[in-house]
Amino acid sequence: MNKFNLMMASALAAGLVAGVAAAQEKIRIAFIDPLSGPFATTGTQGLAIYRHSVKELVNEPGALLNGQAEFEMVPFDNKISAKESLIQLQVAMDQGIRIIAQGASSGVANALTEAVAKHNRRNPDDPVIFLNHSAVDPALTNDKCQFWHFRFDANADIKMDALTDDIAANPDIKKVYVIGQDYSFGKAVAAAAQRFLKEKRPDIEIVGNELHPIGKVKDFTPYARKIVGSGADAVITGNWGGDMVGLGKAVMGAGFDKPIYTYYGATSGITAAFGEEGDGIVKLVGAGQVNPAPTPEAQEFIEAFYVNFPDLDFGQPQMANVAPMLAAAINEVGNATDIKAIAYALEGMEYDSIVTGKTVMRESDHQTIQTVTVQGQTPGAAFEYDKSGRGMVAETVVELASNDSATTCEMKRP
Amino acid sequence: MSAPAIELKNLEKSFGLAKIIQGVDLQIAKGERHAVIGPNGAGKSTLFNLITGRFAPTSGGVFLHGEDVTGLKPFEINRRGLSRSFQITNIFPNMTVFENIRCGLLWTMGYRYSFWHMIGRQLDVTEKAEGILAQINLSSRRNELAGTLAYAEQRALEIGITIAGGADIILLDEPCAGMSHSETDLIVDLIRNVTEDKTLLIVEHDMGVIFDLADKISVLVYGEVIESDTPDVVRASAKVKEAYLGASLEEEAV
Amino acid sequence: MALFLVNVLDGFVTGLLLFMLCSGLTLIFSMMGVLNFAHASFYMLGAYFAYQISLVTGFWSGLLIAPLIVGIIGALIERYGLRRVHKYGHVPELIFTFGLALLIEEAVQFFWGKSQLPFSEPAALDFAAFAIAGNAFPAYKVFMIAVAMGIFLTLLYILTKTRIGMTIQAALSYPETVQNLGHNVPLVFMCVFGVGTAMAGLAGVIAGPVLGVFPGMALQLGSIVFVTIVIGGLGSLWGALVASLIIGWLQTFATAYDVTAEQILTAIGFTKPEMIWDHPLQDLWTLTLPQLGPILPYLLMIIVLVLRPQGLMGNRES
Amino acid sequence: MTIVSKTPLTAGTTRLISLSNTIPWAFAALFLLCLPFVFQTSSALTIMNQMAITIVFALSYNMLLGQGGMLSFGHAVYMGLGGFFAIHVMNMVEDGLWLPLPLLPLIGGLFGLIFAFLIGSFSTRRAGTVFAMISLGVGELIAACSVIIVVFFGGEEGISGDRTMGPPVFGYEFLTQQEVYYLTVVWLLVAALLMYLFSRTPIGRIANAVRDNEERAEFLGYSQRNVRWISFCASGFFAGVAGSLFAINFEILTEENLNLATSGSILLITFIGGAGFFVGPIIGAVVFTLLQTVLGLHTELWALYLGILFVACVMFFPSGFAGLIAMHRRPFALGKLKLLIKPYVKVAIPAITSVLSLAAILEILFHKRHGYGGDHEMHLYGIAFDSGGYQAVALAAIIAAISLFLVSRVLPEIRDAWDNANHAEDRA
C-alpha cells in the first residue's frame, strides 16, 4: 500500500510539474511568501502589490522587451517556514523559473539567499536571481551579502537612520525606550537605535533596551509598566504581527501618550486594532510613502489598487518597484534568459519611482537607496488601512536615505 | 534445615487509619502447598500485594529463602524466583496467547532487555512456550488475541503466564473465581500439575479446592492469622469455626 | 514599591484569566477523564463570536450570547464527536481534541481570515480606573477581575452548597462515584462539557480586547492552560486557582524585573569575557529574566511532575 | 492508557530471514531505487526525500505511540537536536574534520540517543498523561531555548551548512538531488529495517507487553520504566537519524524543527496512518507529505482539509489507513475480496463527487470572502466561473446533496457485501 501511495504521489507530483512546465511566452517570477497560516495577510498583500505593479507598470504599458513579453507572478506558499521555502524554491526552479521574489521574514530570506548561492555555485551555468522585497535584516547586504541577492526595501539600519532624524528634530524627546523581538532583526534594530541616537542626539538617554521572546508573550502589560515607569518620551520597536498589536495596545492602555516609533505598526489589522487610540501616537518608518501620494502617477496607481483589491491595503510601496526595475534590467540585456547579465544590469541601476522617488540599486551591496519616510497614524487619510478610516501620513521625508552608509559587504562577482 | 521459602515477620499494612494487615507472622516451607483463607475483606489480597511488592508494608518484613525483600519492587521480587497471578484477569489482551506465554519466559531465560536477539529465532523460547501452551491446554488457540479468549481460557492463560518463568514460588490469587465446577476441576488439576516440586501460596474461596490441594492452611481474619496448620487441624479448630466457618463459610457455600 | 503593587495587580488579572480557562478544563477532566486539548480553541471561538456579535449589537450582548453559543457547540461536539471516540480509550480521546484544536483554528481562519480583528473594550469601560505612580489601571481590568471573581464564587457556591455541586465535587475526588449521578450519565457529560467550554468562551470574550483576537490566540494560550492544571493537580479546582495565580505572578514579575545573568554571574565572582560576541557562553551572559519568563511555567511543570506527579494539590495520580 | 488497535505481529516461530519476510523488503528497495528514473525533476526528488525523512521520523515516533503506548507531544525535540548536531558536525567537516557524509546520520542518531537517555531518565517513569505532559513541557522548553541559545540554535534564522564539503564517497560529492536521494533512501531502508527488527526482539515484544499491561509486565521480572526508557532511547536514536537526513537534504535547521507544530504533525501522521501497524506511519507520512506539498500548491485550504481528515480519522477509523487495509485481510483469506469490488466502485463515484463538491463549496465561499477583491473569477477543477453570485455555491451544494444521497443509497449494499465477505459460508 505504501508503494502504491508513493507511486500516486510521484505521479501527481510529476503531472503537476509537467502541467506547469508547458511554458508560455511569459517571463515568470516565483513569489515565495506565506499565503496560508498566521502571516498569510502579509503574503497576500505583497502578492497583490506585485500583481498590480506588474499589470499597471509593465504589462499594460508594454514596458517589457517592447511589449514582446509579459511578467507573470507565480505564487508559492512557503507557510513562512524555511524548509517549505526551500522546497518551493526547488519546485519553482523545476518549473523553469529563474527569478525568485521573497520578503516576509528575514529568517526565510537568510535560508533562501544561502540556498540560491549554493545552487548557483553548484550550477554556474544555470543561475537563479533572488529579489528580496521586504526582508530587512542588515546582514543580508552586509556580512551575508552575495551577488545574486537584491534588496528593494530599505534595511533596518537605513530605516533607523531616518527614524532617528525624526527623533533628533524633536526637542521634547529626552528619554527613549527601545524594545524588540529577541532575534536577529530585533537585535539589529536595537543596535542601530543606540548607534544613531548616540551620534545624532548624545543628550538622549536610552532608558530601556530590551528584547522579548518572539511570538510567545501573551500579555505585554508588564513591559508597558516598565516603559511608563521609565519615564520614556518615545518608544522604538521593530515588532511585527501579533507582537506589535500586543505591545502597542498594552503601552497605550497603560497611559502612554507619546510617540511609538515602529517598523511595522500599520495594516494587516494593526491599524484597526489601535484605532482612535493610536492616532498621533503610532509612527511608522518605511520606504516611500502612500499618504499623500508623492506623485500624480502614484495617486492613480494606488487608487487603482484599492479598486482592484478593496479588501487589501497598499502597505509596502517599495514592492511596486521590483517589477519595473527588473523589466528595465531585462530590457537592457535584451532577453530574460541570461540571468547573470540581468543581475549585472540591476547592479547600480537608477530608477525614478512613482512611490519612492529617486531610487538606486547600490552596486557595492545590492541595497536599494530610496526615499524613506516617517509616517504617523492619522484619521481621515486618503488611503486608509484596514478600512478603519485612518492611514499613515508622511511626516518626515528623507530622500536617498543613507546614501553614503557604509557596508561590510565584500561582493564576489562571477 | 534451610530457610523457609516465604517468611513473613510481623507484617503490618495500614491505609490511612485503617490497619488492614496487623502483624502477620507466617512461614512457608519449600515445596509446601499453602492456602490462605478468610472472609471477604480479611486482607488476603493485600497480603499477596505485600509479599509481591505491589505495596510496601508499613512495618515488618518479607523474606524469600531467608533473603530480605521488604519494600523491593515487583520486578525485583519476581527476579528472586517468585511469580503471581491475579484475582482479576491480568493478561496482555492485544497480544496473542503464544506471545503472552513468551513474555512470561523472556526474563528468566536470560533475554532480559536484549535488542540483539531476534525473538522468532530463539528456538529454546519457542519450544518452551509451546510446551507450556500444551500444558495449559491452549495450543489450539495459540494465535488468537488473548483478549478474545473465553473467560476460563483467560484464567488458564493467567496461570500459564505465571508459571512460565519457572519461578519456584508461585502465588495464585483466586484462580478458580467465577468458574463452573467442571472448569474448576480442570484448573485444579492444572495447578497441581504445574506446581510440582514448587512452593505454592494460594488464596481461594472454594473450600473444596483448598482442602483438596493444600498441605497447610492459614486462616486470615481482620488482618491477623488466627490459625495455620494442616487441613485437618484447621477443619477441627474451634477458633476458626467461631471466627470464620460459623458465619462466612455457610454464606459462601450458598 | 508602586510598580510592585501595579505588577501584583497585573499578575492577578493574568492569573484570574488563566483560572477561568483552567476551571472549565478541570471540570471537564475531573468528570469525564478527558484532557481537552482544544480548550483554548473554545476560548478563541468565544472571542470571535463576541467580536461578530459586537459588530451588530455591541459588546455587552456579545458577553452574554457568545459563551452560550460556544457552550452549545461544545455540547454538540461532545454528543456527536467525543462520545463516539470515548469507547476507543483515553489516548484517542486526547488525540481527538488535539485534532479538534487544529480544525477550529483552520475554521476560524476560513470565516474570519488571518488578520487580527479590531475588538476593543466597550466605551463604557474605556477609561483609567485609577493610576499608581503614573501607571494607569484600566477600568476594563477591574471589570475582568470582577467577572473572574464572580465566576469563581459562583462555582464555589454551586460546588459546596447545592446538591448537584456536591455530587460533582465527590466526582472530582472519586471518579468512580460519577455513577452516583444517576442513570443519565451521558447527559451529564454533555452538560459538563458544554458548561466547561462556555466558561472558556466567556474567558475569550473578556480577554479578547486585551490580548487580541487573532487565529493564533488559542495556540498561544493552549499549552499554558495544560501546564497550569497539571501543576495545580489534575482535577483540583483549588489547585487550578493556586497554579493560575502562581503562573500569572511568575510571568508578570519575571518580565517586570530586568535581572540579567551578567549581574548574577558577576556577583558570584565571574568576570565577563571581553570578546563576548565570540565567546561560546555568550548566550549565558546575555540572558535576562524577561527572556526566561515564558519558559518558566514549563520548567515549573517539569519540576513538579518529577517531584510530585500528582501536582501541587492533586490527590490522585493519572 | 493503551492503544486499542491490535498488533499485527502474530508470527511466533518464523525465522528471521524467511522468504515471505524478505520479499517485501527487497521489493521496496528495488522500487525506491528505480523511482528516480521515473521522476527526474529535483522537486519531485525533494518531495520524495522529504517523504523518506518523514517516514523515518514517523516510524521512530511509532516506537513510542504504537509499540510502547507512550503519547508524546514533544518528539520533534530528538529529531531537531539530532539535526542541529549533525549540521554543526557538517560545518566542522567544512573546517577540516574528516567524515564522509553518509556517516553523518550516525552522529545525529547518537545525539538523539543521548538526549533521549537524559530526558527519558525522568519522563519514562510513568506512562499515560504524566508522560504526555512532560513531553509537552520538555518540547516547549527546548523550542523556547532555541531562540535564547543563539550560539547553538542560531536563533530565528537557524543554522545552515553545506553538505558538499566532505570527502567524496566513491567519487560522489552529493551535489545533485539524485545523489542525496540515494543516500536518503539507503538510510531509510536501513533505519526502517532496524526498527522493524527491533519490534521483534525481546525488548520490542516486552515494550508491547508494557503498553498493554504495565503492571503485569512488572510481575514478570521487567521494570516498566526501564522497558519504556530503552524504547525511548531507541526511538530517540532514529529520530536523530531522521534529523540528520533533514540536515543533509535541506542544509538548514531552524526553530521550526523543534516546535510543537512539528511534534503535533508527527502525531497526526502516525495516527492517520495507523499506530497499531508497522506500515501505518509509512502510509501516514506519504499521505501527509502529499497533502501538504501537492494539495498545498492547489489550495490555501489544505490545512483545513487535513484537519477534517484527521478528526474524521479519529472518529471513524481510529486504526488509521493501515487498519482499513488490514480489515480486508479476512475477506482476502476467504477469497471473497472480489465480492467487495462492485459495491466499492459503485460507492466510489458518488463518494468522490460528494467530497469534491463539498470541497468546492468551501473553496467558492473562501474565494468569495478572501479572494482578491473585485476579482471573482475562479478556477476550480479546470472550470472557470464567477464566484461572486450564489449560483456557483448553489450548484455545488446541489451536486453534493445528490451525490451524498446516492452514497447513502449504496451503503446498505456495502454493508451486506461486507458481512458476506467476512463469513466463510455464503449468505443469501
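Per-chain residue numbering starts at 1, and chain names A, B, C and D are given in the order in which the chains are listed.
Heads up, the rule we're going with is that contacts are C-beta pairs under 8 Å (C-beta built on N, C-alpha and C of every residue); 3 or more make two chains touch, one makes a residue touch a chain.
Note that the coordinates shown come from a computational prediction; the quantities given were computed from them, not determined experimentally.
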Excluding chain D, groups that stay connected where the other chains sit: A, C | B
{"item": "Pair of chains joined by more contacts [C-beta pairs], B-D or A-D", "value": "A-D"}
{"item": "Chain of greatest Cα-centre distance to chain D", "value": "B"}
{"item": "Rounded Å distance between chain A and chain B, as computed from the means of their C-alpha atoms", "value": "74"}
{"item": "Computed distance of Cα centres, chain D from chain A, in Å", "value": "35"}
{"item": "Computed distance of Cα centres, chain C from chain B, in Å", "value": "48"}
{"item": "Chain B and chain D, separation of their C-alpha mean positions in angstrom", "value": "44"}
{"item": "Contacts with two or more other chains, residues of chain D listed in rising order", "value": "2-4, 144, 148, 301, 303, 370"}
{"item": "Chain C residues counted as touching two or more neighbouring chains", "value": "109, 113, 291, 294"}
{"item": "Chain B: positions in contact with at least two other chains", "value": "none"}
{"item": "Touching pairs among all chains present in the structure", "value": "A-C, A-D, B-D, C-D"}
{"item": "Chain A residues within the chain D interface of the complex", "value": "1-3, 5-6, 8-10, 12-14, 16-17, 35-37, 40, 44, 48, 51, 76-77, 79, 81-83, 86-87, 90-91, 93-94, 106-107, 110-111, 114-115, 118, 122, 137, 182-185, 213-214, 216, 307-312"}
{"item": "Footprint of chain D on chain C - complex, ascending", "value": "35, 81, 84-85, 88-92, 94-96, 98-100, 102-103, 105-107, 109-111, 113, 219, 223, 226-227, 230, 234, 280-283, 287, 291-292, 294-295, 298-299, 301-302, 305-306, 309, 317-318"}
{"item": "Touching residues (chain side chain D, partner chain B) in the complex", "value": "2-7, 10-16, 197-198, 200-206, 208-209, 211-213, 215-224, 226-227, 230, 234"}
{"item": "Chain C-facing residues of chain D, complex", "value": "1-4, 65, 69, 71, 122, 125-126, 128-130, 132-134, 136-138, 140-141, 144-145, 148-152, 260, 264, 267-268, 271, 301, 303-304, 306-308, 310-311, 313-315, 318, 362, 365-366, 369-370"}
{"item": "For the chain D and chain A complex, residues of the former touching the latter", "value": "27-28, 31, 35, 38-39, 41-44, 46-48, 50-51, 144, 147-148, 155-158, 160, 162, 164, 175, 177, 246, 250-252, 254, 256-257, 279, 282-283, 286-287, 289-290, 293-294, 296-297, 300-303, 321-322, 325, 370, 372-375"}
